[in-house]
Every structure is written in C-alpha cells, then in structure tokens.
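Data first, discussion second: the structure below is written as structure tokens.
Chain IDs A, B and C follow the sequence of writing; residue 1 opens each chain.
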C-alpha cells in the first residue's frame, strides 16, 4: 500500500465526510415519483462518501482502502446523519449542495489521480482514474435513484471540472511539484471550474440544438443561477 | 484462498441455486412496459445467483470464487431454468419469491461477512461487505430491469435485515463462537427480520410524510400481506 | 501479465477504436427526452471502447490492461471524436452501427474468453467472462443513457451471439487449435450470428405472448430489416 505516502487518513476521511453530508443533503431534497425513506437517504450519503474511493481502488486493482479501517464507514454514516439533520432547517440548501459537491469532486479526483501516479500508471490513465473516481459516485447515485445521469446531460460540466483538476495535478507532478501540493492545487482548480460553470450557467453545445437545456431545472436540486 | 475454510462448496452452491430460482421467479412475474424474453429471465436468475458472490469478492479484492469452478455457473443457469419451469403452475408465487428472497439475502450476507472476517477486515467493513453482498444482486436486477431500486424506497427494510444478521454474526465471532455456527445464526436472524417486516408491513419513516408507501404495490411482485 | 501472449496490442486497440466509433455513432443518434451534450457522446464512445476490457479484467481479478498504457484512452477518445464527426453526413447510420456492434461484441467476447483461458479458468467461467465482456459495455451504456437494457429485452440475441462465439473458441482450444486462430474464428461466429439475427429479425420467445416485440423499433437505432 503506497496510499499512506500520498493521502493522509485525515484528508481521505474529510472527503468521505463531506461526501456523506452532500449525499444526504441531495437525497433529502429529492422529490421524485417515489419518496426515499430515511435508510435510502443514508445509503446515498454513504454511497457518495465511499463511492469515489471504492471505484478508484477497483480500477487500480488494489484492495479498497475504504474497507481496511472502521473509520471510513463510521465517518460516512455519521456524516450522512449530520446531512439528514441539517437538511430541514437549512435555507440555502441548493447553494450548500453545489458547494460541497465541487469540493468533493475535487478531492476524489485529486486523490484518484495521486494514487494512480504513485502506483506508476501512465499520465493519461492517471487522469482517467481521477475523473472516474470524481464523477463515479454521482453516476451510481443517479442510477440508483432513477434520475437522469447528471454527467451525461447538457449543462453539467462535471467531468470537465474533474479532468481540469486531474490534468493540472499530473502536469505539476511532471515538472517536479510534490504530489501533496499538486493535489491541493488540483482540488482548487476543479472547485473553481465547477463553481464558475454553475455561476455562469456554462454548458457544452448540445449534439443538436432543438431542445433547450432543462436537466438542472428538472432534477430540481442543481440551482441555475443565471439562465440565458 | 481462505474461502474453503469458511464456506463449504455445497453451502455456496445452495445460495447460488436458491438465488437462481428466486431471480427467475421474480423475472417471470415481471409485467413492465416491455416483456423480458426467456434469455432475459435466465440472465436475472444468473445475476441473482452469482451477483452476491461476485460483488463480495470485488470488494474484498480477491479473485471471484464463483469463476474458479464450473459448478457455480452450471448451478445458477440450471436453477434459473427450474425457476422458469415452476413459475407458471405456481399458485403462491409471491409468497415463495419473498421466502426465497429472505433466505438468499441471509446466505449472501452471512457468507460475505464471514469471508471478510477470515480475510482480516475490521468489524464495520465486514458488516458492510455482507450487506452489500446481500442486497447488491437485487440492486443490479432492479437497475437492469428498469425498476425502482427496492432497497432505496419506503417499505423495503432489505438492508436492515441484512445488517442485523451480519452484525449478529460479527458479535458472535467476537465472543468466540466459531464462524460457521455464527453464520447459520446470522442467516436465521436476517430471514426472521425480513419476513417479519413483510408480514407486519413494517417500514422506516419516509423522509417526509406526504406520500403513502406504494412501492411494493406498484412493482407488483412484492406482496403486502397487511396494509395499514 | 499473460495478456501479451494472447492479445496483441494492435488487436486490442482495434477493438477499442471500433468500440469508440460505434459508441459515439449510437449516442449521436440518440433522441431521448433529454439531449446528450458533446461530452456525453464522447463518454459513451469511451465507455463502449474501454468497458469490455475493464469488465473482463475486474472479473478476472487482474490489473485493468486498458489502464497500463496511454494508448487505450487516446484511441478510445480519438475514435469517439471520429464517430461524432462522421455521424452527421452518414446516410446509412443504422446499418453501420449494427455492423460495428457485431464486430465489437465479437472482439470483446473473444478477447475476454481468450484471456480467461490463458489465466487458467475452467471452460464455463471462461465463456461467461467473454459474454459479460462482450455485452457489459452495452449494458452500462443503456443504464447511463436511461434506455431499456437491450440485452434483457425481446429481439436482441446479443448474449446468444456472444456465447456462440465464446463457446466455439473454447471448444476449438480444447481440441488443440491455438488461441489466436480460435479467437479469430470465435469473432467471426459471433458476428455472423448477430448479423443473421438482425437480418432475419430472429428473437427468442417472450415469456408470455401478449406483447409484440417493440424494443428495437422504440429505441430507434436498431434497424428491423424484416418484420413479421
């Protein structure tokens, strides 16, 4: 396990905890055809908290680090509970979900790419592992909740944000920046790209222009700050 | 491979076989927008029979035991065929599906937790592996069949049942009970919790109380024995 | 890594490239409730190009070969771009999608079974790994795009085609035919079975005969050459 050289436990657990809060907030706000029960909300919280690390380690072919210690699951479950408790009184729920989401994507992306680099993967797969680790938990969440997969549809720019941060991390590593510093910068880049995309309502061109973008509005949990 | 010390082949194949029958019965009763063909029914049978063990071994980072011998696939495919054949004449189909489901969840949960313990995982991840192994096959089934994921919605209590059995197993192991005996007791606990939940129509509170539970009725395959 | 003895890099990259083109063509033709953006089309291309190999290596419990070199991702991304560029002017789009699909299923099936044989798996799991590698990418695509999973529904015969080719490969290997030659013949068998099924509109019997088959017509991308 090279893991310990790259990702300190406190950093990993921070990502898991923020992911758990964000997942539970997201699921609490869900208003679909069918309600989730409290267990369902907790499952989404744990899934977002644990998913990125599990997917990363499956792709890298190493034992899932999140299952080698009690702390990951305890943190994910506890933070899901926190997310459930603060969901009701919270006024600015959407804004908090989006902010946490950006940080969580950034952390899982940076940790995925860092671990891939340390394990000796070439640069392109290293970026790929980061991107999949960053967006994978959200894809699983959408599939299990029966929502359209956010990363696939117009207006998301999730994957672009994750790829930006992971690419910056890899480039910094190539020019000799230590991995921990490169990871911090990579997290910041992903956060900024993601938040700018939300704030300025940027989206990639649709494959055809017949339908206007509606995904964010329809899912009802991703705020559209400025509509064109 | 520590597997052979914990789970005898006959026990593993029994779980695979019961899972295959249950999956094929479930899929045969499916009345969605689009019909499944016979191959689709067989795929669901094989998925439920094999899924729990595959997910367990992926999480544990070991070679999938279900692919190291011809017997697993032969058993899963054969029992799916049996499930298809007995689906038509069977009068009490729903009752049988629910009963088999409880046993299969119990077995996959107990085997997952047992294997995790033998491989040296801490207790919390050991319970987690059992729960995911127990409910994972059903999640895949629902996603592939386009159904709402049962474990996520009001009235399921799947995960609670699996977690109860796995937790009992871990606790018994901690106080010195041999794993095989603890596993048998764990299976029984999961079965009883699951069946009691169905019989008494117990459900976790919804995240909000606007909608009454409808999932079981809507999917049309999970019987509601007593409605409030 | 036994991989290099079985699957030359050029062959593997050919499968990845054809898969990327096919995936991007498929996603470009998608006319669902919600549009995909250009990134979504690229993701489907990369998913189809990379998916079969990733699933194969996860099942086999080895490091994903597709992440050990930059070439796989570069090929998958580049061929997705090609697929996007040729999608608009192409007149015979459906015919090309189906043809590529048959070749890609054949290659991933044959490579999956070959690698399983070389790693020493018994014959039944070896066929299973081939079938799952062949159809797995398409299942992921359908789930992520929110389509009914093609392999599950009436009229597909995907899995039968993949199983035919993989079985022929295993049988030829058992009678002493070298794996590379057996793989080529297996690819051809899968292609022929799949294309014959499309041309002659063959399907397995439905579980009940109330509904006529509609899947192919509804998804709008699988041509039905002759309807009964």
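Odds and ends about this structure:
We adopt the following convention: a residue touches a chain if its C-beta (ideal position, glycine included) is under 8 Å from a C-beta of that chain, and two chains touch if they have at least 3 such contacts.
Keep in mind that this is a model prediction, so the values were computed, not measured.
After Cα superposition, the angle needed to carry chain A onto chain B is 120 degrees, rounded to a multiple of 5. Residues touching across the chain B-chain C interface largely differ between the two copies, under half of the numbers being common to both. Centre-to-centre, using mean CA coordinates, chain B is 29 Å away from chain C.
Within chain A, contacts with two or more other chains are made by residues 58, 143. Residues of chain A touching chain C in their complex: 58-61, 116, 121-125, 128-129, 139, 143, 148-149, 151-157, 159-160, 203-208, 210-211, 214-215.
On chain C, the positions that touch chain A within their shared complex are 27-28, 30, 34-41, 43-44, 54, 57-58, 62-64, 66-70, 72-74, 143-146.
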